[in-house]
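Both complexes shown next keep subunit A, but they swap its partner, so subunit B is in the first and subunit C is in the second.
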Partner chain A sequence: MKHNLLFAGKNFIRMILLLAAVSVATFALVSASPIDPLQANVGQAALGSMSEAQKEKLRSYWGVDEPPVQRYLNWAKDALRGDFGTSLLYRQPVTSVIAVKLSNSLFLLVIAWIISGLLGFLLGVIAGVFRGRPADRLVKGYCLVIASTPAFWLALLLLLIFSVWLKVLPIGLSVPIGMEASGVTFLDRVRHAILPALTLSITGISNVALHTREKMIDIMESDYVLFAQARGEKAGSIVRRHALRNVLLPALTLQFASISEIIGGSVLVEQVFSYPGLGQAAVAAGTGSDVPLLMGITLITAAIVFLGNFIANLLYGVVDPRIRKGGRRT
Partner chain B sequence: MKLNQRQKARVLLVFSVLFLAGVAVAGVLCHDAAMVTDFSRKNLTPCLTYPFGTDWLGRDMLYRTLTGLSMSILIGVCAACVSAVMALLLGIAAAVFGKKVDAVISFVIDGIMGIPHILLLILISYACGKGLKGVIIGVALTHWTSLARLIRAEVMQLRQSEYILIAEKLGQSKWKIAVKHMLPHLLPQFLVGLVLMFPHAILHESSITFLGFGLSSEQPAIGVILSESMTYLIMGKWWLALFPGIMLVLTVVLFDLGGNALRSLLDPNSVHA
Partner chain C sequence: MSCTGKRHILEIDELSVSFYQYENDHSSRQVELPVISRLSVSVHEGEIVAVVGSSGSGKSLLAHAILGMLPYNARVSGQMYFDGELLTAEKMKELRGNKIAFVPQSTTYLDPLMKVGEQVSQGRKNAARRQRQRSLFARYGLEKDVDNKYPFECSGGMTRRVLLTSALMDEPELIIADEPTPGMDLALAKKSMEDFRIFADEGHGVLLITHDIELALEVADRVAVFYAGTTIEEAPVADFASEETLRHPYTKALWRAMPQNGFVPLPGVQPYVKDMPQGCPFGPRCSMYSEKCQGDIPMQRVGCATVRCVQYKGEPLAVEAHHIHGETAPAPHHTKT
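Here is the complex of A and B:
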């Protein structure tokens, strides 16, 4: 137990350090930009007609007159208190913008994460067990094509098929156009989330399936499986009793490591479907020079990814009895 | 004619190299033709003269696609080379120069991997003030992490191997061991990693231009073409999105297959498979 806590603590501290490093790097990148926040947000014309004193005031408002290190420290101090500044595009606190967008996105992300994880695992196990047979070739071919397909193009194709040709699903957004927020039913939201979630799931499957397949092949070639076969165990029971347990651990790592990829994919997919989520906000922040929002989104996604890794590390101990025992002995 | 595994791999490799080089050259050659607008032939569905159709300005989509793809391939190749060399240097450095350097490099790798790739590209593109430069730098600087991890793990194993230990006992410098004894051993893996990096680089290049960072809208880049097609998709102009996309997927698949063929050719074990 004590060992477990120590392990968790170490991982947690590493996570915090990584997050701090990411924030420094992000800030450095953003402040290295030649895009002048004053010009981007006030506009060239307005800037030209202002007096020097007014400009000075604006500069100090945007913090451009201070050296970058000082600005970073100011930002970090506020960020620690939960204040990420004000979004320039939405004219709201960054935290509330992110909260709204994230709750929209989470709906998609969680669905896609679960579907792609389960299906990918299943396909990977099937392909690994029936290595070299038609089923394996099918899965492999699918994975190769999907891994080479940009998520946004797949989204375009699905949009073309289901919304333009078949007209069964809405074209974009997360709620029907021209409807009051109170009139939107849960079913409407689901209908709008189907295509984006489907795209994300389809692209997410290939990576999980390919890796699971490789692990599965390793396991099926191992001595204990050979021995089980020699004892006359049936393939089904070998998979259930020997293979699944051993492939679960790498699959777990993969599943949590895929969070980053799914978030990345959601940026593209949300752009295609005009789904008002975190990804679309990130793109808007990037093209609209909304520095506080861009920083906030980067940090929040990095935090989600690191949290995923952290949970995966903790789950090892729960899933794998060897790690638990190793802890007790030392 | 029955081909064995290695001959098949060789044929595949030659075919994909020829195809990709062909696309790259053809794209450069028809760069000017891709910019020609002709309102007498706008919005044509694919036919024999214009196999990919034309867009709302009467531009030939086949030329535009080829030009865009050649640009993607060139950017992808440049970026992958830079990334691969970075991965090699950092991977070796992490494994050779002791624990502290290793910890720092691993930390950096973890940090970079923590930010979703697309978001990192957006950030770097923003830092470079957008434009083509931002795309190239972004794609070049972000792809080295996983290869660096692989090389680091390989070097870690190599360090325990006998011939390296003997070289150490003989008093050879770390630098000499790294260059003379480790590098040749790592080369096949490095080459395969480099080739398998192309498809990722191309996909990310097209994604980031699709999102509107980087190239201006009159440039025929594959991401720009696809993002423009999005506006006209609802009007039923499916060919604007379909054919350029298929070509992009084909390019990436061929890079992938070529890389895997190269891997099986470089791996002596595959002779018996």
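Here is the complex of A and C:
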């Protein structure tokens, strides 16, 4: 118990440090960007019609002329109190913008995460067990092709096929155009999520499958599988009793580690599908010099990725007897 | 045919195993590496036969070959008979874990994520098997709590005992034990050897693969001496009482190298598979080496032993003759299954 608390405490401190580092890095990058926050947020035309005094007032209101370190400290002080500021683009508190965008994205991310995890694992196991046979070659071929395909290109391809040619799925956004929010059904949302989720899944599968395959091959060549064979266990029983059990642990790590890749991929994919999620908001915040929103989004995604890895570590301790019991002894 | 007139449990006739490997990292040309060549050995009922050879000489592959578990790039030729029946790839699959049990060499042969009790009984649900596993564990001093341990929680000696009990689970006809005793203390090693003895005396056979000639002489009925991938002599243990009763020059040298017999080392090393000499593999180190040794030297039966040396004129082995299958059996050519 004490060991577990220590483990959780250590990881919590690590997460705080990580988030601090991420916020500094993001801030430094935004400060170094050539975008003029005034022009980006007020607009070229409006800015042109303003008097110098008005501009000066706006400048001091936003604190544009303060040194970056001072600005960062201002932000950090408020952030520590839970106030992440107001988004310049959406004119709403950053937290509520993120809440809306995240709930949109989460729908996509979770679907893609589950599908790519399950299918990737399944394909990886099949390829590993039937190494060198047609099934393996098929899976490997698929994975290598997909792994070398950019996600946005794949997204465009799917759009072209399903939305433009076949016209069976919507071309973008998360809800039908011109419909009242109250009239949007769950089915509408699902229909709009299919293509982006599919893109993310297809690209996610290859990574999971290739890693699982590699692990599976190691296991099938291990001494204990050989011994199981020597004891007369049939191939099916070996896979069920020994191989799956042993491949599940690395697969678990892989699954949680893939969160970061799916979130990363979603930035591009949401852009292609004009899907109003976190990824698209991140791009808008970056190009629009919406510093508070960008900071909020990077922090939340960093925290999600970190938590994913943390959960994997915790599950390892629960699932793997070597860690569970070994940790208890020392 | 055999000296004892007992039933043959296992007969291996001119078994050769070679591996196909890439010549080197940059080459796509494959070369054939012969690791076992024309090895003959037999196990009769009630017998413990020890195959003795130095470490890294390919002894373990013999066990894998009998069980049909060689890697995919291995090539096998020669015949093996189990209980008078030709061992084909299918037959091996059918017999292993059932009539033929295997005690592996290393402790990595246990599934790291399965409790040892469950591994030995091969399933939790079967009460009878559970029962048998428990009683076997008890016989080897493995307490009840060991059932629920994972391999990483077991000491080396415990793991050896677990592996041993797993072989005894299914009441096999033949046990192939690959270095079963390292890591056990003397008392336990003796105990497991006694158990092999009891097992053999019940009318079964044990093929003990080991580098430990003293252990072999203590427990085995016959000893087959393994040199550079083949057996050069197979003799009853009694023949090891003196140098004169032994036949092959290498066996004699081995005898002289034992502490109680003078501790005289034999200069030189066994040839590596890639530069094997023509004819007798022991030739370059043999004091009686002559031109005759460069040809093909068959295994011959001399008295109650067999030897592969030109000095002896005996009768040919003719393994096939004492099998119900009169016809020439096809060489079992199998790949990884």
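In this section, the second predicted complex is superposed on the first by the 314 of 330 C-alpha atoms of A that agree within 3 Å, B and C clash if a C-alpha of one lies under 4 Å from a C-alpha of the other, contacts with A are read in each partner's own complex, and residues count from 1 in each chain.
In this text, a contact is a pair of C-beta atoms (placed from the backbone, for glycine too) under 8 Å apart; a residue touches a chain by one contact, two chains touch by 3 or more.
Not measured: the values here are computed from a predicted model.
Undergrad: Touch test for A:260: subunit B only (first), subunit C only (second), both, or neither?
TA: The first partner, subunit B, only.
Undergrad: Tell me which partner A:53 touches in the superposition: subunit B (first), subunit C (second), both or neither.
TA: neither
Undergrad: Which holds for A:230: it touches subunit B only (first), subunit C only (second), both, or neither?
TA: Second partner only, subunit C.
Undergrad: Under the stated touch criterion, which partner chain does A:222 make contact with: subunit B (first), subunit C (second), both, or neither?
TA: second
Undergrad: Classify the contacts of A:18 with the two partner chains as first (subunit B alone), second (subunit C alone), both, or neither.
TA: In the superposition, A:18 contacts subunit B only.
Undergrad: Output check: A:80 vs subunit B and subunit C. Expected answer is one of first, second, both, neither. What do you get?
TA: neither
Undergrad: Between subunit B and subunit C, which one contacts more residues of subunit A in the superposed model?
TA: B
Undergrad: Touch test for A:149: subunit B only (first), subunit C only (second), both, or neither?
TA: first
Undergrad: Spell out the part of subunit B that touches subunit A in their complex, as residue ranges.
TA: Residues 107-108, 110-111, 113-119, 122-130, 199, 203, 206-207, 210-213, 226-227, 229-230, 233-234, 236, 238, 241-242, 245, 248-249, 252-253, 256-257.
Undergrad: Under the touch definition given earlier, write down the residues of subunit C that touch subunit A in their complex.
TA: Going through subunit C, the ones touching subunit A are 64, 67, 69, 93, 96-98, 101-102, 104, 106, 108-114, 122, 150, 152-153, 166, 170.
Undergrad: Considering the complex alone, what residue numbers of subunit A touch subunit C?
TA: Residue positions touching the partner: 222-224, 226-233, 241-242, 245-246, 249, 320-322, 325-326.
Undergrad: Flag every residue of subunit A that touches subunit B in the complex, lowest number first.
TA: These residues of subunit A touch subunit B: 17-19, 21-22, 25-26, 29-30, 32-35, 144-145, 147-153, 156-157, 159-160, 163-164, 171, 260-261, 263-265, 267-268, 271-272, 279, 282-283, 286-287, 289, 294, 297-298, 301-302, 305-306, 309.
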